[in-house]
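In what follows, chain A forms one complex with chain B and a second complex with chain C.
On to the complex of A and B.
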């Protein structure tokens, strides 16, 4: 290549730098514009006298009641119960992969976990509607479209997310303690219980927070399986409606502009929940280990 | 004599076996059920209905009963979303890995993590709001359609691209950069002539994962213009069909056993598509790892 003057080179370098910086700014601006759009469109509801109507327990759009509290409760119940199933399972899978199970089984198991991340949500939903829901209908009474069905499938959906985060943490911790543990004669299960698990506290907390966020944000599983009745569920076999499914249902059926505005409030709640999840992760990561 | 705490360790082992057996059971049940139910509908009629395959492929005859329009809809969504997301994502990744200072990088990473966590239905709502805004301002007849959905999917795929590009660049050996600067290259020359070609595989892996993410998403397109019956996608602003929505719609609204079988057939097609993309992405990433393993990893900054 032909040599150039240093100052000339710096000049030629300025354009790509500016372009790259511009692209990064556009990417970052997307997050803020999502927030700005949600805030701007839900402002009429939040600022006007309708706030009381929004924060009520009744969703009756025809009667002018746009209460979204049942959906907030529904989202929290569903995400919480799904994590209560998925988290111990994920922990078990990670213990199995990291020494508690035989070495020959660890790799295929991990490959299938990775494969699970690529399975489309709608496929989980479809199979569950025709495989799991009839089982629940047969075992208990009712339609089968229930909190229970949605929670079980959502647990399967978030499982790989949680496993991959915990696994990253376990790998880092085991790289440090493995030799020492073997030298003092600890069995793999002892190493896991007394060294790896206590030392991985931070990663375990991050996995819980991110998994919860993922469970909260999923739309299709609750939409297809939870029955979508807009009220607070009384038992695991009751139908419930989440914020995400609520948005999808109302856009598909209603054309009431007041109903739309309340949807943006739902979107805003979900966005703020995502923000809390990320800040939670940051604060856990920033804290000292132990 | 049983030592103190041994019971807890046996319980740990037992539980880990239980959890480990759960995963393949669920996976086999799901794939097995899907294949068994999809089998009766599998074949050319699944895609093209009664229309001859060749005529349908060349676009000379419309397809009424098949899922071909939905496949084309999904493919055009993927293509458009990639056109938007790949340049933006790769450029952002390069900026964060090679140009940004420590503080800038932390601020931008927070934004990217936040974007990655935003639920897809919220991104769909964002697209919907965009159309409402356009209608109120300078395009009163704006409506949801293919381009809007592609934009939303691009937003969803963007964090994957940024993180893949950034991670790949950061794992390249430090010697590569030092050699470049030592030869008197500018930063852009180092990036464009050395680092990007060397990280091509990792970036491609990220691209493929991002494409798979865009292909499977249903929630965002639900709000931005997908419909059950639109035929082949005609224009950028027109309504269109897509595979994931087709499956969702048939699962809820099927009239005949044949339609239900078609839903399972479509699900199997979609699973094959995302599965293939997943395998391709893995191959890219493992090759990259093999190329640079054993070399000193970047201690850059």
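On to the complex of A and C.
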């Protein structure tokens, strides 16, 4: 019996590892083929004379103008502003949960934030259409479907993601330093400021990068709340259109077929942005080894 | 005999399981006071009850009274208006396994000074050097103060933890099996260090080494299972055979 055991175990190990390896290969192949597909379809647009038309500030498909720059700017504005709200909030929540706030409130707060991850995006969108948009419409002028509305709700959407990443990092650091910090008489806020935050730099950077990527990639919130006017917003109360919402809109509406080509360029830009986000995470992770 | 710490009817539970039950003892100033007991009898828990460090662990409940006499007067450790951070600065602790912070050697000592007392610059560095000299580590680390503390050997880390505690100028030092994780030579060095520190600090040392206790102890308590604390007179614990008779069943 004895000598057989390692043999069996190896056999048992082989199947899951083969499955995992297969899954990894399929994923890699998928990602690569998506990239190849996007590149191939946008190639005629990018190489032909249409490039100039793509990189313009006007989206007028009927006039043959397919400029996607307003959408690029819209995506960056919205993701950036959503993160500007969500990130400090998430950091505050994590500090609160990790000792800076009263213990009785920490647990419920964290549990409710984790619950937020399971709420479907469309629910946030729908609720906001009926609650937030009228408030903005009433407080200012205009339709209420605006950069501001989308940014606030998108911030709520990415908040749990950012909180969970920072929390994981804080937990790891605090497991190491908590008792030692208490023993030298550091108050929880001092422990946070002098130990946990400085030692969590990597996790904080990763949370920012991934949160930004999540905000950039979301489609439904900007589609439902941002108003979708294809121009660069002049203020927070203006309407804007993101790349993601743009793709959804053009595909969904019966549009001039030449508009379709420009979508591949949008897709390619989003894909490359995601790639940059992941490379950003990798470089932050790798720096520790160096 | 001046009393440094008075413990009255101290009970500590972890998740409803009683670790200490109505323990009462008076620890004199100076010392060293040694605390012996079987592994798992609650020695570490008793030490942590003095500086309220048990509160860092979940599901711990403490009742009873602990009065710590510091240079600034008596502190009721568990009174609601006691600042636990101040108490912990007055009562330093060195753990069984060295727990240096993942910072440089210098920052391990200077960061707590900066965070708790706003001390930095030349003043903090002077205090650091003084503490490192007191812990007899200065000559070994003076040229590598910016290196990560985790790169030090076990014995050096243990002395760094001691220096970190000393830099805060405590009145009382709690030492939890300070030589248990060290090799013979490093252990000997820490023992010699205890001999020097006894004149300046009240030392409370948890130990499992009978011979170590016999050599170094000025006062000795035995913690029995169930939390009963027994004090042994010097005539008993200085005499090897008498000590073995009392503790034979313990060890």
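One rule holds for everything that comes next: the second predicted complex is superposed on the first by the 262 of 290 C-alpha atoms of A that agree within 3 Å, B and C clash if a C-alpha of one lies under 4 Å from a C-alpha of the other, contacts with A are read in each partner's own complex, and residues count from 1 in each chain.
Here, contacts are C-beta pairs under 8 Å (C-beta built on N, C-alpha and C of every residue); 3 or more make two chains touch, one makes a residue touch a chain.
Small disclaimer: the values here were computed from a predicted structure and weren't measured.
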Contacts of A:180 with chain B and chain C, given as first, second, both or neither: second
Chain B versus chain C as contact partner of A:27, first or second or both or neither: first
Touching partner for A:190 - first (chain B), second (chain C), both, neither: both
Partner chain(s) touched by A:59 [first = chain B, second = chain C, both, neither]: neither
Partner chain(s) touched by A:212 [first = chain B, second = chain C, both, neither]: neither
Touching partner for A:199 - first (chain B), second (chain C), both, neither: second
Contacts of A:282 with chain B and chain C, given as first, second, both or neither: first
Touched partner set for A:131, first chain B, second chain C, both or neither: first
Most chain A residues touched (candidates chain B, chain C): B
Chain B/chain C common contact set on chain A: 187, 190, 193
Chain B contact footprint on chain A (complex, rising order): 3, 9-10, 12-13, 16-17, 19-21, 23-24, 26-28, 30-34, 37-38, 40-41, 88-93, 95-97, 100-101, 105, 109, 112-127, 129-131, 156, 159, 187, 189-190, 192-193, 210, 213, 216-220, 223-224, 244, 247-248, 251-252, 260, 263-264, 267, 270-271, 274-275, 277-278, 281-282
Chain A-touching residues of chain C, taken from the complex the two chains share: 51, 53, 56, 85-89, 92-93, 95, 99-102, 111-112, 114-116, 164-165, 168
Touch list for chain A against partner chain C, complex: 176-187, 190, 193-195, 199
For the chain B and chain A complex, residues of the former touching the latter: 5, 8-10, 12-13, 15-20, 22-24, 26-27, 29-30, 33-34, 37, 87-89, 91-92, 94-96, 99-100, 107-108, 110-115, 117-126, 128-130, 132-133, 155, 158, 162, 184, 186-189, 191-192, 212, 215-216, 218-219, 222-223, 244, 247-248, 251-252, 263-264, 267, 270-271, 274-275, 277-278, 282
